[in-house]
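Following are the structures in question.
Two complexes, one shared chain (chain A), two partners (chain B, chain C).
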Partner chain A sequence: MADGAIDVRLENVSKSFDRVQAVREVSIDIPRGEFFSMLGPSGCGKTTTLRIIAGFERPSQGEVYIRGVRVTAVPPYRRDYSMVFQSFALFPHLTVAENVAFGLRMRRVPGAERRRRAQEALDMVKLEELAQRYPRQLSGGQQQRVALARALVVQPAVLLLDEPLGALDKKLREEMQVELRQLQRRLGTTTVFVTHDQEEALTMSDRIAIMRDGVIEQMGPPREVYERPRTEFVASFLGASNFFDARVIERRGAEAAVDLGFGRGVIAHVDAPGTDLRIAVRPEKIMLAPLGAPGTHDARIREIVYRGVTTHIYLDCAGREVIVFLQNTAPQALAWRIGDAVSFAWEAGNAVVLDRV
Partner chain B sequence: MPSSLTGFEPAPLGDFLRRASSYALIATPILFFIVFFLGPLLYLFVVSLLEPSKTELYGTRLTLENYERILVDDFYHRIVTRTLLVGSLVTGTALLIAYPVAMAIARMSPRWRILAMIALMFPLMLSNVVRAYGWIAVLGRQGVVNSVLIGVGAIDTPLAMLYSIETVVIGLMTILLPYMIISIANALTSIDRAYSEAAQSLGANPWRTFIHVTLPLSSPGVAAGMQIVFFLTLSAYVTIALLGGPRFSLLVSLVYRSAMAFQWTQAAALAFVLLTVALCVGTLIVLVLRPGRVQGRG
Partner chain C sequence: MNRLGHILQIGLAGLAYLLILGPTIVVVIVSFSAGETFAFPPPGLSLRWFVEFFAADNMTGAFLFSLRVGATAAIAATVLATLAARFVVRQRGATSGALQSLFTAPLVFPAIILGLALLLFYRTINVGGPAGLVLAHVLIGMPYAFRLVLASLQSFNLTLEEAAQSLGAGPIRTFFLVTLPIIWPGILSGGLFAFIVSFGELNVALFLTGPGYTTLPIEIFGYLQFPGRQLIIAAASTMQVALIIVLALTIERLVGLARVGRS
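Now for the complex of A and B:
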């Protein structure tokens, strides 16, 4: 990709507060139009990284570029971006229309054009009727849209989103996820999104960076990071996983037979016999099978949790816990009882070999 | 209507007791308010409407002449104007000095902020009389300033610094400044950092962020500070008397003088003029600054 098409570039960015290192040598290239998410638990450095792009934090080391311009030492108000804050930060003393027009006013856009563009931005988020209200007279969802309109009206090179859906209830959040993504696709605005909600990140992003202790553990498209997690942290933070220690016994073409301690399994991974591996298998990729079928492991059902769409079954396999998610499509999923003896197995390709840390 | 019949079930005893105890809780302050504030105020208002008496504190006939005299006489006009002038000067200068100080305090770490606030409280622990005499010791004919200036040969005869409007304003301002600073600093501290960051993210430089966001968001503290300082200026009798001298009169001085001269009806009327001035200026401050916009009221 040509260098000019990179809208945000972080080069070896680090940030320390007192003795705590919040961000360690993070490098990211975000191409134009991408919806890029930074995902991780609180304190992982995702918000600090966003604030470094915004210019609210100065990196201790490294460089920040927006649209090819080095902005590391440029104050926030001279950087080409806008931001939606977690608390929305709508100005309480200004009307909705004045809030949306604020960025245009700061850019000294003339009054008539300012009003027209603010109105257009409000139309875009379907709030045209509320222009003369004050923020406190709006619901959480409406405030969220105003914040979005206020950020988009200035046509920024980059849109920064700091957990903008965190303050909304679940139902509204899911609606806004779809709406926000559609809007972003239509406008083609390069977007950096910070969240601790893995589902949100998976739903919305072109690419996700999973962060931990100030380091990007893995970066890639949602499907890749979910299906092929590289570390135990990624595999467990993004969805749930079963982890097993495995030792390679023999190679069979592109697959290998492994000793799991409680039986034999297959993985789609080639390594020399005797190699110790750590593997992860997603609970929804594990199948329950009739007792004693070849290539399966015997277990007993310890707990059943009915979750509507799925049923979570907790197995006891020789003293270790194995979690299985069953879709509630087949009547069989609902037929299991606690204490039943079952067998489970997975397809070789669904066992992911993790990096040894 | 059967539905209303069922709705009329007697409340359980627990409910009754709970409600009764909550009434009892607010009854005490309300009673206190009526007996010690509303009652005397009403009494004073009635006194202000009674004719003066040569032998008693007040007469028995209702009249408006106490107010008429204030409204007609040029002398009173001058006093009211001067009261407004002193009040505005004190409030204005206090605001100009307090705002930057409050901003500095708001930027301190919480620990230093508490220490700064305590330091600001210290002058408030001192009696106004003591402080006024302190100013006399500094600014008087044989005060520190004159002694130094004569000592270094800058002047031959002592400057008359006391007994002027400037001295009264400076004296009052130094007393009342902490109220203004604390009030504004509290307002500034409670402003979410996200507001100024949002302004900056939308292209506002620090100055425009201050003008368009910080200043309006601090308006509750500014309004409260201005009101406190203005009201306290109106009632700062001791400081005005000691620093302004016998011939420098504000409304409060007249109230005091009339009361001491046993002209109770006149004193009461003047007190209500003073109250009206306070209410008008207080309202004006709220109308101009509109702190309600920020405080969640329309």
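Now for the complex of A and C:
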């Protein structure tokens, strides 16, 4: 596989339905082998963008390329991709084997080879014994695998996944996330994945685009978008965040001393100009400290929610709410009581300066 | 009390069925009469009127002609109805409603007026003979076929067509390999309805038939106007009813089997 080849390219793609603009000037380059996710709330344009790549929607403007071929005006059945639908969309009148072989039949692959490849694809998703069943005789998870085998067997340039795990229950979904990702890595198939589940996107992706109102707000590897969100929307959609207004008192290179309204703090990596900043701090990056330690802020515990792996502590700091996630490894995490007076602080590098919008 | 209500319910249902089916049953029974006149109960039983029916060339000719017209019109109406329904099911809101009314409009139109209108229309454009009649029956059969095909398409998951396309099937292969195998019971029922409507249709046929191309209802209607051999009509009607029952049962069985096989 050639390094650096772009399998999917969207160039300034926009799409309007009647008077609603579903997608606005979206540009994406997806290199070969990448697992690319589009994440956002419903109505953010992620599904429309996927359907534009698939050819089910024609963009109002902009161009779509698959493996360097411009396909903007090419109908879906002449584009080199395959897709797994949220409802699986298995053909109810065909057996599992016939479902999987469908794409090969359309490509006029001869009978013997077709059967062999369909069987291999079913082996790959561990469903070899169910080849002669009908889709209705399978469980949700099995149907999901058939849909995946049916899409992969044609060895597409791009695999499109439209919330394929949405119909499964939580435990099965987590298993399938890992399995799907392993399969994708092994085959090296360029994949575009649409989801509204931030955890799913973080778990599976090489790169995530977070969309809102038809626009990509931020695009990058999971760690980058999670650790350095650029906007309040990204910071709150991808996990939880505490937001503070901060006034710069003094700059020392990339570091700044700030006034938070309830005390002073230090933040690192300040490239934004100006004196009025908006910052985000992840709840798990906030530490509880002994009362009155230097550089900490005083607060009172308002609520404690025990969540098994973590404990969520809601603080009241001069009238504003601050959320803290504690790992339940240390016994202190379980020792706090509602009404306790505490101090909290964070490391300078863990405060993220957001773009003002 | 409850028991009484139950009996009352069964009684009412029975009465309703009697009112609907009674006349037909009487005609069917009378067609086996050994007598000369339309008397119920018949004086004796025989097959003489069926013998007369098959001996009468005009009757058998009309019967076969009706079959041919019905089959041709039903096939044409079903094909058109399927195309129309496929289009309508992809429209939203007002467009869909308007198109549905348009395609079912021939139903609301009084058939006798439709017959006259078509006769005048055919004169102007110089169409006539059996073709005109078949066209007319396509027109009146289509709303029934349209309704039934539309109903089966509405319960059809259109994502399946997208799935087929994503796997490389063009529109034609998508229809024949995915859509048709799933919605065919609706299409078949639609076709059957269109056939039945054509097969029993009198009003429009009155205007559009002629010597050499007479349908069975027209032939029966002709017999009614003359005294003598009246019971041959009863035999003809029984033949008509029998044919439709056999067709309906066959299709019911096919469709039923398809459902059992898939559920």
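The rule we apply is simple: the second predicted complex is superposed on the first by the 344 of 357 C-alpha atoms of A that agree within 3 Å, B and C clash if a C-alpha of one lies under 4 Å from a C-alpha of the other, contacts with A are read in each partner's own complex, and residues count from 1 in each chain.
Basically, a contact is a pair of C-beta atoms (placed from the backbone, for glycine too) under 8 Å apart; a residue touches a chain by one contact, two chains touch by 3 or more.
Keep in mind the model is a prediction, meaning the values are calculated, not measured.
Asker: With both structures lined up on chain A, is it a clash or a fit for chain B and chain C?
Answerer: These partners clash in the superposed model.
Asker: Taking the superposition as given, does A:Y306 touch the first partner, chain B, the second, chain C, both, or neither?
Answerer: Neither partner.
Asker: Counting only touches as set out at the top, which of chain B and chain C does A:F85 meet: first, second, both, neither?
Answerer: It touches chain B and chain C both.
Asker: Once the shared chain is lined up, is A:G103 touching chain B (first), chain C (second), both, or neither of them?
Answerer: Both partners.
Asker: If we overlay the two complexes on their shared chain A, which of chain B and chain C does A:F17 touch? Say first, second, both or neither.
Answerer: Once the two structures are laid over each other on A, A:F17 reaches no partner at all.
Asker: Given the superposition on chain A, at which of 4-12, 40-48, 58-66 or 256-264 does chain B overlap chain C?
Answerer: Residues of chain B that run into chain C: 256-264.
Asker: Where on chain A do the contacts with chain B and the contacts with chain C coincide?
Answerer: After superposing on chain A, chain A residues 54-56, 75-78, 81-83, 85, 87, 89-93, 102-103, 106-107, 134, 136, 150-151, 154, 160 contact both chain B and chain C.
Asker: Looking at the complex, which residues from chain A come into contact with chain C?
Answerer: So the residues of chain A in touch with chain C come to 54-56, 75-78, 81-83, 85, 87, 89-93, 102-103, 106-107, 134, 136, 150-151, 154, 160.
Asker: Would you tell me which residues of chain C are touching chain A in their complex?
Answerer: 157, 159-160, 162-170, 173-174, 177-178, 181-182, 262-263
Asker: Of all residues in chain B, which touch chain A in the complex?
Answerer: The contact residues of chain B facing chain A are 192, 194-195, 197-205, 208-209, 212-213, 216-217, 219, 290, 293-294, 296, 298.
Asker: For the complex, which residues does chain A have touching chain B?
Answerer: Going through chain A, the ones touching chain B are 54-56, 75-78, 81-83, 85-87, 89-93, 102-103, 106-107, 134, 136, 150-151, 154, 160.
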